[in-house]
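Quick heads-up: structures coming right below.
Each of the next two complexes has chain A plus one other chain: chain B in the first, chain C in the second.
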Partner chain A sequence: MADRDLRAALRDFASRCNDNERLRQMNRDWTRTIAVRPSEDEPVFLRYEAGEVAVTDLADPDLVVEGPNEILCAIFTGETTPTEPYMDGTLLVRGSQDDMMRLDIISLLIWGE
Partner chain B sequence: MAELRRVLPLRTAVTTSAGLASAAVNFFAAVEVAQYAGGRSAWLALLVAGLLITLSAANFSELSGLYPSAAAIRVWMRRGANDRLSMVGSLVYMMTVVLVVAADAFVLGHVFTAIVPAVPGLVWIALLLMIVTWANLRGVKVAGYIQDGNGLFLLGSLMVISVIGLMHVAPGHFAGVFHLGGGFLQSVALGVFIFVGFEWVTPLAEEFTDSRMIPRGMFMALGLVAVAFGLFTLAQQTLLPQARVAGSLVPQLLVGQAALGRLGFWWMVVASLTTAMTTFNGGFVAASRFVYAAARERVLPPVLARLNDRLVPQYALLGLFITSLLLAAVVYVSGRYVWLINTGAAVESFMYVMAGFLVINLRRREPNRARPFRVPWGVVIPGLSMLIFFALGIGSLTAASDLPGPVPWSLAFLVMLTAGAVIYVYRVVPRLKARSRVAPAPSRPSEAP
Partner chain C sequence: MSMARKSVSVSLGSTTRDHRAVVTLGGEEVVVERRGVDGSLAEAARLIEELDGQVDAIGLGGIDLALVVGDDRYLIREAVELAAHASRTPVVDGFGLKAVFEPAVIHRLVTDGILQAGQTVLMASAMDRYPMAHAFVQAGLIPLFGDLMFASRIDYPIRSIAEVQELARKILPEFTRLPFTLLYPTGSEQDAEPDARFGRYFEEADVLAGDFHYLRRYLPARIDGKVVVTTTTTAADVALLKSRGAAILVTTTPRLSGRTFGTNLMEAALVARFGLRYPDPDFAHRVMDSGLEPDIVRLGVDDHGRQGP
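Then we have the complex of A and B:
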C-alpha cells in the first residue's frame, strides 16, 4: 500500500519534470538512477536520461534517498521541500552532493521557493 | 539497502580533511604559538594540540556515523539539542569560514607584496577573490583532486623544506626545544587553530559507503598536519632569529629561503598561493551551499536560494564575496590579524565542546540508533574533550590580541557575533518561516518561477 502511494507520487513528479521545458534542458546531460527508499520497504527507482525521467525497476543507483514513506510522498508531491526533513535528519541521502543539490533544485524549479 | 554505483575512497577522506585544515594563515598561527610556547618548544605545543584534537575527532566520527549528512553540525545539533541552538551554532560556525578566507587573503596579500611590491596587496586580494567568485558563478568546478592535492602539496612542501632546513642547523641551535614557556597553555589553545577545518570532511559522509572511512581519514589527516606544521615550526624557530620571524608577515618565505635559497623562496610562494586559492574556493563552495540550504528552509532570506542560469546560488555567493572582501580589507589595511586567529581558535574549541555534548546527549536521546563508530570508554572521552576544549577556548579568547587597549577583542567580537545570531534566530527567522507557511499552494510547471 505504502509502495503504491509513493509510486503514484513519483509518477506525478516525473510527469511534472517532463512537462517542464527548463528542467528537460537542464537535465539533458544528467543520466542518473535514483533509489527512493521508504523506511523498511523496497525502493522505487527514478531514471533520468536525456532530460526525461521515468519510474523504473532499475537497480544500481547513483543516489539513494531514504526516509519515512509519508515524508517521501510529501517531498515528491511538493507539500514540503526536501530541505526541511533533510536538515532534521529525517531524510537521509547517499550519493554525490552535486546530485543531491540537483534534486533539490529540481523541486525548487517545479514548486518554487 | 541499494548499493551506490560511485563512492569515494579513503584517499579522498584523508586529502579532504588535511586539505581543509591546511590554510595559509596557519603560518602566522605557528609564529603566534611559538611566541607563547617560548620559542623552540612550539612543536610540542602543536603536538599536544593535535593529540587533544584526536579526542574531538573521535566525537565527530561518532556523530558522522550516526547521522551522515552534508548538513552535519546543523543536523546533529538539531537532534542532540534543539532547532534554535542549531541555527545559532551553524551561523556562527559558518562565519569561521569567512574568517579563515579573510585571514588567508591577508597572507596572500603579503606574499604578493613580497614579490611585486609596486602593486598594493589589497588589489591582489580583491582580484583573486573576484576570480574565484566569477569562476563559481559560471559554474566552473575545481576538480576534487586538484582541490585536495593542493593541501597535500602544502604539507609535503613544509615537510621537505623543513627537513632540509633542519639539516643546516648547528646542533647548538636545538637547545630549548623541550623548554616550556610560561604561556604553554595558551600556545596549545592557539595550536588548535592549525587544525581548524579537519572535521569539515564530515559533510562528505554521504559519499562514502564504508562509514569507517571518515574516522580513518580524519585521524590520518591530523597526523599529517601535526608532523608538517610541527617540523615547520621547529625549522622556523631554529633556522631564523626569533625576532625576525615574529616581525615578519611572510614567515614561510623566510623559512623556504633559509632552507633552499631562491628555490625555497619561490617554492613557498607557490605553496602559499595554491593554498590560499584552495581555501577561497573550498570556503566559497561550502559556505554558499550552506547559505543556499539555509535559505531553502527559511532560516535565511529566500532570495539567497535564487539560482542563476548555471544553477549556482548567485546571491549567496555574492554575499560571501562581499563579506569576505570587506573583512579581508579591514584586516589587511589595519595589519591586525591575531584577533582573527584567536577568535577562529575559540569558535572551533567551543564547537568541539558542543561535539562532546552532542555525543553524550544523543546516546541518551537515541540509544538504539546504529553507531558505526562509537567513542570508547563511555562518556569519559566526550566529557574530557568538553572540559579541555572549554578551557582552551577561554585561553584563546583571553590571549593578547594585536588590537589596542585592555579589551579582550576576540571575546568581544565573538560575543557580538553570537548575540547577533541569537537575535536573528529569535526575531527574524520566525517571520521568514511564517511567510513560507502562507506561500501559494504548489503550482503546475507552467506556473513555476
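Then we have the complex of A and C:
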C-alpha cells in the first residue's frame, strides 16, 4: 500500500520534471539512478537520463533518499520541502553532495515560491 | 595621540590567506585584519565573541548575512546566528559596499573603456552580488550568471536578471537554511586545484566577474585577453591570473601590501572610520568621498607572448 502511494507520487514528480523545459535542459547530462526508500517498504527507483526521468525497477542507485513513506510522498508531491526533514534527521540522503543539492533544486524549481 | 581604529574580518576561509594592513579612509588610518577559521563555525563564533567590544567593526567573510536579490532579502540562518555573538561591535558582511560602491566601479570601467556594451560577462553568482549583476546588464553587457553552475555544479547558465530573480524566489528561501558549507568553498576548499568543467563559458566570456573563490575554483587553463573583476586576491592569485593570460585585473577593493581584502573587511573599515552602516542615507556619500578606489592592474603580456588590450 505504502509502495503504491509513493510510486504514484514519483510518477507525478517525473511527469512534472519532463514537462519542464528548463529542468530537461539542466539535467541533460545528468545520468543517475535514485532509490527512494520508505523506512518500512521496498524502494522505488527514479532514473534520470538525457534530461528525462522515469520511474523504473532498476537497482544499484547513485543516490538513496530514505525516510518515512509519508514524508517521502510529501516531498515528491511538493507538500513539503526536503530541507526541514533533512535538517532534523527524518530524511536520510546517501550519495554525493552535488546530487543531493541537484535533487533539492529540482523539487524547488517545480514547487518553489 | 589617538589609537587607529581597527576592523577585523572573521572569515570562514583558509588561515593561509590571513593578512593585516593599514588603509587610509577619509584622511584617517584604519587597521584592517583578516583572520580565517578554516571553515569552523565554532571557531568563528569564539573569535567574534573575543573581538566584540575590542575592535570598532567586524566583517563576516566567506558567508553573507543575507542575499539581496532585487527587492527580496533572504537571511542566511548560520550567518545571522554567528553575528549574534557580537553584542557591542557592529558586524557587516560587505553588502553595503556591494550595493553602493561596486556598481559605481562598473560604471567607471565602462566610462574608461575597460568594459564595453555587447561584451559577454560570466559572473560567478548574481545572487551574491546582485547590484553588480544589475550594473553589468544596465551597461549593456550580455550576462552569463553562474549561480547554479558554481554553487551546485549544474550546467545551466542563467541569462537574464529576471531569471535570477525567479530562481532566487524559488530556491533561496530553502537554501539559506542549509549549512553554508554546502554552497560555498570554505577552509581548505579555497586552496583546492581548479576544476575546469565549465571552461566553455569562460571561453565565451570577455569579462569574468564576481567572487574570486568561485572563479578560481573553476578557472580553466587559459583565459587569454579577459578582464577579471573581483575582490579578494593575494599576490599568488594575481600571479595565477597572469599566468593564465588574463589581460586586466580589477579588484573593487584597494590593494594593500600586495593583496586585496574582501568587501566585508573594507565595509567594516568604513564602519569603523565613520560610525555609519548601510543603509544609513549618509553611508553612500561617506563611501564615495572616502578615497576608496578600485585597483586596476594591466597584467600585460601573457606567458604565450600575447599582449592584453
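The rule is short, and it goes like this: the second predicted complex is superposed on the first by the 112 of 113 C-alpha atoms of A that agree within 3 Å, B and C clash if a C-alpha of one lies under 4 Å from a C-alpha of the other, contacts with A are read in each partner's own complex, and residues count from 1 in each chain.
Basically, a residue touches a chain if its C-beta (ideal position, glycine included) is under 8 Å from a C-beta of that chain, and two chains touch if they have at least 3 such contacts.
Bear in mind the structure is a predicted one, so any value in this text is a computation, not a measurement.
Partner contacting the larger number of chain A residues, of chain B and chain C: B. By the touch criterion defined above, A:Glu49 lies against neither chain B nor chain C after alignment on the C-alpha atoms of chain A. When the shared chain is aligned, chain B comes close enough to touch A:Thr77, but chain C does not. Of the two partner chains, chain B is the only one that A:Pro61 touches; chain C does not reach it.
Contacts of A:Asp29 after superposition on the shared chain: chain C is touched, whereas chain B is not.
When the shared chain is aligned, no partner comes close enough to touch A:Asp41: not chain B, not chain C. Residue contacts after overlaying the shared chain place A:Asn20 against chain B, while chain C stays out of touching range. By the touch criterion defined above, A:Asp88 reaches chain B but does not reach chain C. When the two structures are aligned on the shared chain, A:Asp12 is found in touch with neither chain B nor chain C. Residues common to the contacts of chain A with chain B and with chain C across the two structures: 26, 81, 83, 87, 97, 101-102, 104-105, 108-109, 112-113.
If you check the complex, the residues on chain B that touch chain A are 1-6, 67-71, 74-75, 78-79, 83, 203-204, 206-207, 209, 289, 292-293, 296-297, 302, 305, 307, 311, 436, 439-440, 442-446, 448-449.
Here chain A touches chain C in the complex through residues 22, 25-26, 28-29, 81, 83, 87, 97-98, 101-102, 104-105, 108-109, 112-113, going by the rule given at the top. If you check the complex, the residues on chain C that touch chain A are 148, 152-156, 167, 169-171, 173-175, 177-178, 182.
By the touch criterion given at the top, residues 16-17, 19-20, 23, 26, 33, 35, 37, 43, 59-64, 77-79, 81, 83-84, 86-89, 92-97, 100-102, 104-105, 108-113 of chain A touch chain B in their complex.
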